[in-house]
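Pasting the structures in now, so scroll down.
What follows is chain A paired twice: with chain B in the first complex and chain C in the second.
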Partner chain A sequence: MTPLLEARGIVKRFGPVQVLQDVDFSVPPGEVTALVGDNGAGKSTLVKCISGIYPSDEGEFLFEGNPVHIHGPRDAATLGIEVVYQDLALCDNLDIVQNMFLGREKRSGLVLDEPTMEQMAAETLAGLSVRTVKSLRQLVASLSGGQRQTVAIAKAVLWNSKLVILDEPTAALGVAQTAQVLELVRRLADHGLAVVLISHNMNDVFAVSDNIAALYLGRMVAQVRTTDVTHAQVVELITAGRSGNLGTPPAENGAELMEPTIPGAKE
Partner chain B sequence: MTTITAQHIEPAAVTPKPTVTSIVRDYFARIRGGDLGALPAVLGLVVLCVFFGIMRPAFFSAGNFANLFTQGAAVAVIAMGLIFVLLLGEIDLSAGFASGVCAAVLAQLVSIHGYPWYMAVIAALVTGVVIGTVLGFLVAKVGIPSFVVTLAAFLAFQGTVLLLIKGGTNVSIGDEVIVAIENRNLPPWLGWLLVLLIAGGYAVVQLMSLRRRQQRNLVTEPVLVVLGRIAGLALILALAVYFLNIERSVNPAFNSLKGVPIVVPIIAVLLIVWTFVLRRTAYGRHIYAVGGNREAARRAGINVDRIRISVFMICSFMAAIGGIIAASRARSVDPNTGGSSVLLYAVGAAVIGGTSLFGGKGRVLDAVLGGAVIAVIDNGMGLMNLSSGQKFVFTGSVLLLAAGVDALSRRRAAATGIR
Partner chain C sequence: MRTGPSQEEVRRQNLGALLRYVHIHGPTSRAELTSELGLNRSTIGALTADLAAAGLVTEAAPRETGRAGRPSLVVRPESERVYAYAFSIEVDQLQAARVGLGGEVLDHRSDDRPSGLPAVEAVPLLAEFVKDLQQAVPDTAVYVGGGVSVSRMMRRADGTAGLSGGTDRAAVAEPLGAVLSAELGAERPLVVGNAADVAALAEHARGAAVGCDNVIYLHRDAGVDAGIIVGGRRLTGHAGHGGQVGHMVVLPGGRPCSCGSRGCWETEIGDRALLNAAGRDGDGGRGAALAVVDAASRGDASAQAAVRQVGDWLGFGLANLVNIFDPEMVIFGGTLRDVYLAAAAQVRSRLNSMALTVAREHVRLRTPQLGEDATLIGAAELAFERLLADPLSS
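Our next item is the complex of A and B:
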């Protein structure tokens, strides 16, 4: 199966600090790809390169097999790439429909086309089998953390997106709400979307993902099927960059590589 | 891998169809949750009217009822503009003297240079827009806090008014059209026609929206509630016009005085237009979004700077209209036009009406409701022959009370998760 998105040899530097070194990353459609790594491993930077917030210094992106250039968030959105950030970026004083269409309101002439927007929002939420919100006209301020996450994800899905990137979607949630959000993540993939899930939580990763991609100090050390690895192996990949015959060989994993990848280490 | 099955595939977000009782219940739940809406203003209005009515029976005379509209008009119009700025959590302290500057421009052109009234009005409005553009640019692009920018402008505009009317003389305005705004009335039949137009228009809009939603199988309010709202509006308008059409002249044969003051339809049009902009256009939606969460608005692709500049333009534009109304009422412009308590009354009107000082919450109607409260206080205390000192202390206390209600209801709302 051709991956929906393939990143080849991505390099990103911030001044002298090389945050991403020759990263290869492929995201197949209809699957959940977990992106794991310790703090500072480069997960967020990689996501920002994909979503066009940072330009990458080297390397190329293939989208549906064709080389593409992503110069900004607009380019990414045109391709069908949507990112749900950790802080969700919802307006508390607007309701669910208003938030889902924020900045891309449907209009008929000069006037907002509320019925169409409400209908589309209802259909999207129904398609995701969301049953936790009481009314579409509820203010986001009155929603729980899990419901907000749901709205943010539904907002990303609304635009016929093909790739949805979720940054730590369960970080602030309780047990029941985490289960709900993970269920939703699984359903996105079952609907044929490619999903990238950034997470620190191994339980979440093993619960929903089909693939695991591990970053270690700016390098992609392994991208494996979730069924082929154990919990402990993934933790080793995250903390040491290798596990058995997975990951970088010991020689390349030397201490001299560690320095430039720790932000601020040179100063 | 653990598979998570979708156990509950049922239509999403099904809301039980609201009934009259559920709407009443939701309303009380919202009030208890700290979302007071227009309640404090309406309650305050009723209490104040009853109080002044008992203390001074003249308060309820037809003549005094008409006075309330003409007294409160300028403040309500300035407050309408301020609401746009307050929605972003900003403040415009210069709105009062901006209205003074625009009124001075008007007076200069119409009284001293003899331009026709429409040229002078256009010049005053353009002055307002220019002032707003400069203020907005300094806030949004240069990055000076709006408090400081508009405080500086407050001082500077006070001086500008003095300079424009040459050191404190009183420039009287003789132009019939401009004076008519606050001092002439519509013929009674035109008042009734306006009631018919506004209530009818409201009914058409409401019923059409109801039908469109029914056609798409969206959740709709009960027809009874929609009809009740339409009837309520029609009743309020009809009562107001009925009382305004009562003869208020002492000697009707000599000089008949009845009908809706011309300024009232002006306020109604402004109220409808700005409410439409805020509630029904993408621009209005973006104002709420920037006021609610600026970062989210930015990420949604909204040009935040442009929104911020534009609200200052709207605010100063409305201040210009307020200035014209004030000039019409006084039939003159002096160094105090738009000064003294005008700005504080306008901010007070917005806050009393239910607009939050913290941004993201407010309606244009708040300006009219709050403006009415301010006008009633001002008028009632005038009738009771209170000294200026007592008036200022009392009005200040009411403003503080309103801001306190806003802060407390906000805290309560944060605790219950509604806002």
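Our next item is the complex of A and C:
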């Protein structure tokens, strides 16, 4: 299967700091790809390169097999790439429909085409089997955390997007809401979208992902099928950059430089 | 020498296929039916006319198509006119619903199931529901059959789980069938199925497992049970007692089980096992098990350990089932949904280290889409089974 998005040799530097080193990353359609890594491993930077917020210094992107240049968020949106950030970027003082169409409102003549927007919003939510939202004209301020997450995801799906990137969608949610959001994430992929899920929670990763990509100190150390690894292996990839024959050898990933020394141990 | 199917049989098959399609997918245009069923356009026309004459479907022009040319007529199931009764005898609840063709719930009654009440004794309560529901039925409506979902387990008076008496098909079917035929004045088929089987059927027809022909639906309420679909058919066993995966022995000499054996899967992944592992007591009800999962997510270390331990055992039994049945999908229903989502890392890790590569590569682990209504929706599917097999005979 051709990956929907393929990143090859992506390099990103902030001044002297090399944040991404020669990162390869592929995202197949109809699957959830979990992107895992410790804090500072480069997950968010990689996502920002994909969504056009940061230009990458080296490397290329292939979208549906064709080389593309992503110079800004608009380029990414045109390709069908949408990102749902941790803070959701919803406006509390607007209702659900207004939020979903914010900045991209439908018009009929000079005025806004409210009926069409409301219908499209309703269809999108129904297509995702969302039953928790009572009224589309509810202010976002009145929604629970799980409902907000749902609206943010629906907003990303509304534009016939092909790739949806979710940054820690369950981080601030309770058990019941986490379950709903995970089911929603799974449904997006089952509907044929490519989904990238950034998460620190291994249960979320194993519950919904089809493959797991692990970043370690700015390198992509492994991209594996979820059916082939265990929890312990993924944790090793995240914390040490390698696990058995997975990941990069220690000489390359710099792990030997960080050999933990126990205070008081012999030299 | 075997002769081919007669024209009569082919026609019956086609009528059934068409009615089943609109029953599952809702209103569908003739053009779409033609391409979906792979039949000739004029054949679809003739079949639809027959079904319309029998009052099972209606045809109407679509409101708007937005395309050029004469619009294709839309075939709709007669949901208001053709109905079945669906019953669900669950561990803690009794439900009855009048369901229209197309799976639309027209009317619904439910009540708590008193603890210690065997399944058979729930029949008079369900009969009350029917009397009540029957009052709102229009004269023109046609009753085509009934379906009953019965949980194998019940809650004993002291709150513990026990095997529900009288879960044989006949034990429930006969008295309930008698009540229905007395009330409705018509002898119609009444089909009884085990709750997990019926829920599997519902998810297969209308939920998460649409398009998958090999499915295992694991269900946990008071006990652990499975509905298994193999090659598109329910695997029920000789007398409807198949699929009791909760009594698969996973730990010889383990804890005693309600069935009399020891070390059954249920003793390691049941609600009680979760509560014990977390060092809590409680009546073992749904709420108590979910409270442990909730506590784990909030950082309670003993609850986290309990959820991990149960998740590990869940993966252990699951790996065995995956090796045996090679399913496309496994669905975690009842309180297993929450345990799976909270312990997916353990479940997957165990599955990945125990199951054969060829079997585990393509198995999808999912949660139910129909939620609490699955057994009722599935019971309705059982009820419509006869009609869909041979639409014009009834």
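Worth a mention:
Quick note on the criterion: the second predicted complex is superposed on the first by the 254 of 267 C-alpha atoms of A that agree within 3 Å, B and C clash if a C-alpha of one lies under 4 Å from a C-alpha of the other, contacts with A are read in each partner's own complex, and residues count from 1 in each chain.
Definition applied: a residue touches a chain if its C-beta (ideal position, glycine included) is under 8 Å from a C-beta of that chain, and two chains touch if they have at least 3 such contacts.
Since we're looking at a predicted model, the values are computed, not measured.
Judged by the touch definition given at the top, the superposed model places A:E183 against both chain B and chain C.
In the superposed model, A:F206 makes contact with both chain B and chain C. Legend: residue contacts after superposition of the two complexes on their common chain; A:V175 is shown touching chain C, with no touch to chain B. Once the two structures are superposed, chain B and chain C can be ranked by residues of chain A touched, with B on top.
In the overlay built on the shared chain, the residue A:H231 is in contact with chain C alone; chain B does not reach it.
When both complexes are overlaid on chain A, the residue A:Q119 reaches chain B alone and has no touch with chain C. By the document's definition of touching, neither partner reaches A:W159: not chain B, not chain C. Taken together, the two complexes place residues 129, 179, 182-183, 186, 206-208, 226-227 of chain A in contact with chain B and also with chain C. Residues 290, 293-294, 297, 337-338, 340-349, 351-353, 357, 360-361, 363, 365-367, 369 of chain C touch chain A in their complex. Taken in their complex, chain A has these residues touching chain B: 73-74, 85, 87-94, 98, 102-105, 107, 110-112, 115, 118-119, 122, 125-131, 133-137, 139, 141-143, 179, 182-183, 186-187, 190, 206-210, 226-227. For chain A in complex with chain C, the touching residues are 129, 174-175, 178-179, 182-183, 186, 202-208, 225-232, 234.
Those residues of chain B that touch chain A in the shared complex are 1-4, 6, 8-13, 15, 212-213, 216, 218-219, 280-282, 285-286, 288-289, 291-293, 295-297, 299-302, 360-361, 413, 417-419.
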